[in-house]
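The following pair of complexes shares a single chain, subunit A, combined with subunit B in the former and subunit C in the latter.
For the complex of A and B:
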């Protein structure tokens, strides 16, 4: 069992989450017609053995999407933060108070 | 190489089993070869064997970072079948099954291929339609398939859950009689012995740390046992394909590495004569009984990227639930072992056997759940691709650039989400 430290709910079993894959994918703008950029975003993955930033959604908790940095060999989890940049900034602001 | 025969078994039985030679050599790597195959798993060993036998290319080295057959060829649930329906897959897997049927004789090594038949269940009227379509597609391609009614399934495997309270009520099944199982380690050992006897060097404990290039062309490999030159290099390292491709300068691939678990129970008296499988939203499961009596089974992936060859407990629970939903009589059996292998999950669920953008570098990977049954055909096609610098007609669709060209072969229709294939 992975234990994921949700920034909103605290540490939870990974079975409360669903896996969303590589968080480092750079998607083109939705109206972009750059086929190569779409091909790379949809199909190509770094797939590292080692630290990997990936998306998880806390389905059975706060339902927020979070970015988890996890080692794909040891399964050690280094960090978990909100995927939404505005929410992340707000959370950091509140933590600094 | 001494040929194995009934006579050699009797003779050695009478002389204290002292007359057996080792099955393959343990050579030092030479400075250069015509072809290097990276990875002494089923596919790498089969490739080297067919390079030597079909194409006369015998100056071949197989480089293996660990020990021969220590990866996914020794970690699967040993099922062999050809029940595919997409063009590209259908003929490839059927060709593989035909090679399986001759394999023990061909290799002079008993791979214990047992064509006990595979029963794939369906549980609803729409699933019956989908099954009928699949069975018809198979038959139109010359592959054996029979539709079974609920009663016909019950006659064959009476101890599945046919009760009124069954979690997944059985409506019927597709039976492929020529499908079955094989002894997975024996496949690796048989190909290794046969390739070695044709002059192929199998070099274990030799990890590739870099792919050498001269003027844009491949010129060999850097390894933990020194530099080895070669005009052509073939990668057959499923699980680690992305890493080797990055090492070779190919950039990113349409592959994610996931782990898949397998389980074996304590040995039981003969209980299950067929391979039985089912897949539906909420359950995915396949089971057979080994010759030693253990129930061998598996289910879904662990569902997140991983290179760890060990599984997690939630899937353990999920698979156990699937097992009991299918065969309530398994409820009290104890598990003997459980393990995980690393799968190349490709973006369309279909493998890649292809030339690459680099001259002299060839790629074999992306096998998802299905690498074991493909072993003979994969080796056959990869050898042909390397020898002729062009794909065999059977792997012409398994190109690396099919994703960019919109020619994916998505058997399951799951889209570009590797964990779902």
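For the complex of A and C:
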């Protein structure tokens, strides 16, 4: 029973979220025709034990996609920040005020 | 009505002023408030209460708690019949009806007891070896299994729906204390005094139940006084919530505990407003496990006979319930605690004939007290075998010399109270991954290290004396308080142990030359021989041992027998118990009703129901509804006397002949807005949207990243930067989440917002040759003429006074529009359009006709977009743009997805036009009727236009490979084999002249 600290809504039960997989995947640019790069981005995943950055969407809250760093062994959550870099920067800017 | 002949003259935490009437197997008995069913049955001298799982041996009450493996009964009848209830925890109430189980005709006389003669057939691994070996095959297994399953089993659950209600509740606290013995009470008190919010959960119906049978004082106080003072203080404190009848059945991540509270099972006449049980999801910052310890038995001959029970259970029956569990007792022990049972029973007036102590010497103090009570102590002595006709009558004594035991005299008795030592209840820690650690000197498992903020106190930590348990609880409560920033005394936790003389490990009594039936796990009829057999056959891991013998797999989960089984396995393998290790306990600690876990989430409350704004309107106009995902959608609108078939055939024909209206609100609707919206759609859809003019709609297909088709729908351009996307009903949420993911994680530079507007717009499809005529009458300010409103045009105006957006798109192949108005105007739109359509012979149609129309037209839908099909498979590849990149465009060209022999979309027609088709049927080549076939049928309908059944399907190689050939539509269960022709998918109007009219 995870509790995810949504950067927009505060700490919420994980049942409000849906899991979106590895946040570290580098998708090729949309116009890339590199089949190997697409194949690796779509199909190949690490299965780490320990800290792992992953995407979650707050479906039953703000609907934002967030990057959560979670320990896959202990389920400890270290951080949660907006997946959108611009939104993240804005949030940090406001926090610094 | 029999009298309570075993009820002691005084004592016990029962209310003797009131009498409760209950029944067991049809006979009526009496007990008192405060009794369990087990104590009341013992009071009435009912000693055989069940039959064992495999051998149908008579079984009686073996314990006084959750560890019970013998007295399992069925309560209630009809829909409320509940099997496998432990009589030892079942609170007595007036009118309780109970039944013995696994016996015919009764538990006292059970014909299935003959199974005992066939015992060798039921030993460990028998099924596997006999029926699953080579050459015997599964046929024999399946036949024998039926017979064996009938003879071997437990109680039978009701097959009727559960009439009771259950609740799921959430709670939060600072400190959860599990168990209300001396340790739990003190932990709760100290934590509460530090100002923390405490929940104290107790599985028993009495709080601090262990103190109701305790006679040793705590400090200077008598246990009853100590208990009363502590309870009073806790009840007076405003920050302690005491929850009796509540089992903490599991600990989970993040300080979550699962609690099952039994709310009404103990009430004769419960309020209908109360749930039967509550499942609490509790979040706590600190947990203190004060769950106590469970006594172990000893394996000796016929140790499962009624009249043989755990020593502490006999003490509990005497002290807490005022019941003599026998008239002439023998206590067999390997540790000090058995003496308490002997002394307390003697004090209550039971004739305690002997104490058999396997140790060389008893504790001096206990020995003196036993002698003073007139009890003879036999040291170096053990029980060897019980002689029983039903219940025990005699016990044979064995004399120990070193490790050898010699059988000796037989003693008369009707009660043997056995103590083989104690095992801390570490189950909850196991749930958090902490493995118990074996302590040689205490001959027990102690809780292992736990990385989480969970503390163990009292005998759960291997502390045996009540006074030490109380101190252990104070220490744990204070430590939890300090953790949470409160000040509390730094009290030292006592070390495990606390007996005067050490325990002498005794797991099994074996006598050379004697074959004894010694049970380890009575509930699953696992004997010591079964464990040795498992070892002989090569099972050395405890996990394998458990599965092969089924040791510890019954509803008691091996609470009494597991450690004995481990010890025997260790002995057989020549390892220590520590090396042998233990199996991990998993939740739940005791069985939990499935109803409680479901709570209110059943029947129509299992999931949300979505109604379209036109739901009432549809119902008023005679709709029969069907579930489409969460939605209620009109299925068909039967005229008087029509069934589904007649209705949808009429509706389908009428749409092609005049005009039909269909509620399409459930389609997903997404507003895609922003300067880069067109670019975004270009990347998401396989076809181009960049050059789509304002006021036009386009049918689009989107792929997943891996190149498989994800969804389809039309998207309308309302302005340069404002698009109205529709998705299929089924994929609305998935598409929305995917678009959001793309915009936030992959293309954050695109200036686009997506907003779900599915709930904001009510949609109506108007289809048929008279659709234009209808809309000309209903729509107030849009020119509907062919020139002004071409196919795929989008216009905005008003219907029935409501603002609307209308697109000329067709799912049926007829001239058709889809009109959307703000949801609140949905019914008004229906009224306006229906007013125009009805006089023209129009009809309302539902999803069945909708499906028939699209199959006739060869349009794909959910059954074809099944997550496995590519653009090529569906002949949609010509839509894919070559001028721009889009999601899935690279991986869709993987060689395996591009081969010619992939199953491809085709039309299917039965050769004999009178035969019907079935979705899900396999398509075979006529000369190869076995295997998975060449393809399958995805969608079928009767076509009123063509006058016969048609279908869509996917078949290897598609229409090119099958043109002019016959395929076999194979559906062995519903229709057998049907010869079919494979055709193109456009069954009607292939050039589309109707929808462009």
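To be clear about the criterion, the second predicted complex is superposed on the first by the 97 of 97 C-alpha atoms of A that agree within 3 Å, B and C clash if a C-alpha of one lies under 4 Å from a C-alpha of the other, contacts with A are read in each partner's own complex, and residues count from 1 in each chain.
The rule we apply is simple: a residue touches a chain if its C-beta (ideal position, glycine included) is under 8 Å from a C-beta of that chain, and two chains touch if they have at least 3 such contacts.
Since the structure is predicted, the reported quantities are computational estimates derived from the model, not experimental observations.
In the superposition on chain A, A:32 makes contact with subunit C only, while subunit B stays out of contact range.
Greater residue coverage of subunit A by touch, when subunit B is weighed against subunit C, goes to C.
In the superposed pair of complexes, A:63 makes contact with subunit C only, with no contact to subunit B. Of the two partner chains placed around the shared chain by superposition, neither subunit B nor subunit C is touched by A:78.
Contacts of A:42 after superposition on the shared chain: both subunit B and subunit C are touched.
In the superposition on chain A, A:2 makes contact with both subunit B and subunit C. With the contact threshold set out at the top, residues 1-2, 39, 42-43, 74-75 of subunit A are in contact with subunit B in one structure and with subunit C in the other. The touching residues of subunit C, counted against subunit A in their complex, run 252-254, 256, 281, 283, 451, 683, 705-706, 737, 740-741, 743-748, 885-887, 890-891, 893-894. Across the interface of their complex, subunit B is touched by residues 1-2, 13-15, 19, 21-22, 36, 39-40, 42-49, 52, 54, 72-75 of subunit A. Within the complex formed with subunit C, the subunit A residues making contact are 1-3, 18, 20, 23, 27-28, 30-35, 38-39, 41-43, 55, 57, 59, 63-65, 74-75, 82-87.
In the complex of the two chains, the subunit B residues touching subunit A come out as 240, 242-243, 251-257, 303-308, 312-314, 347, 403-404, 416-419.
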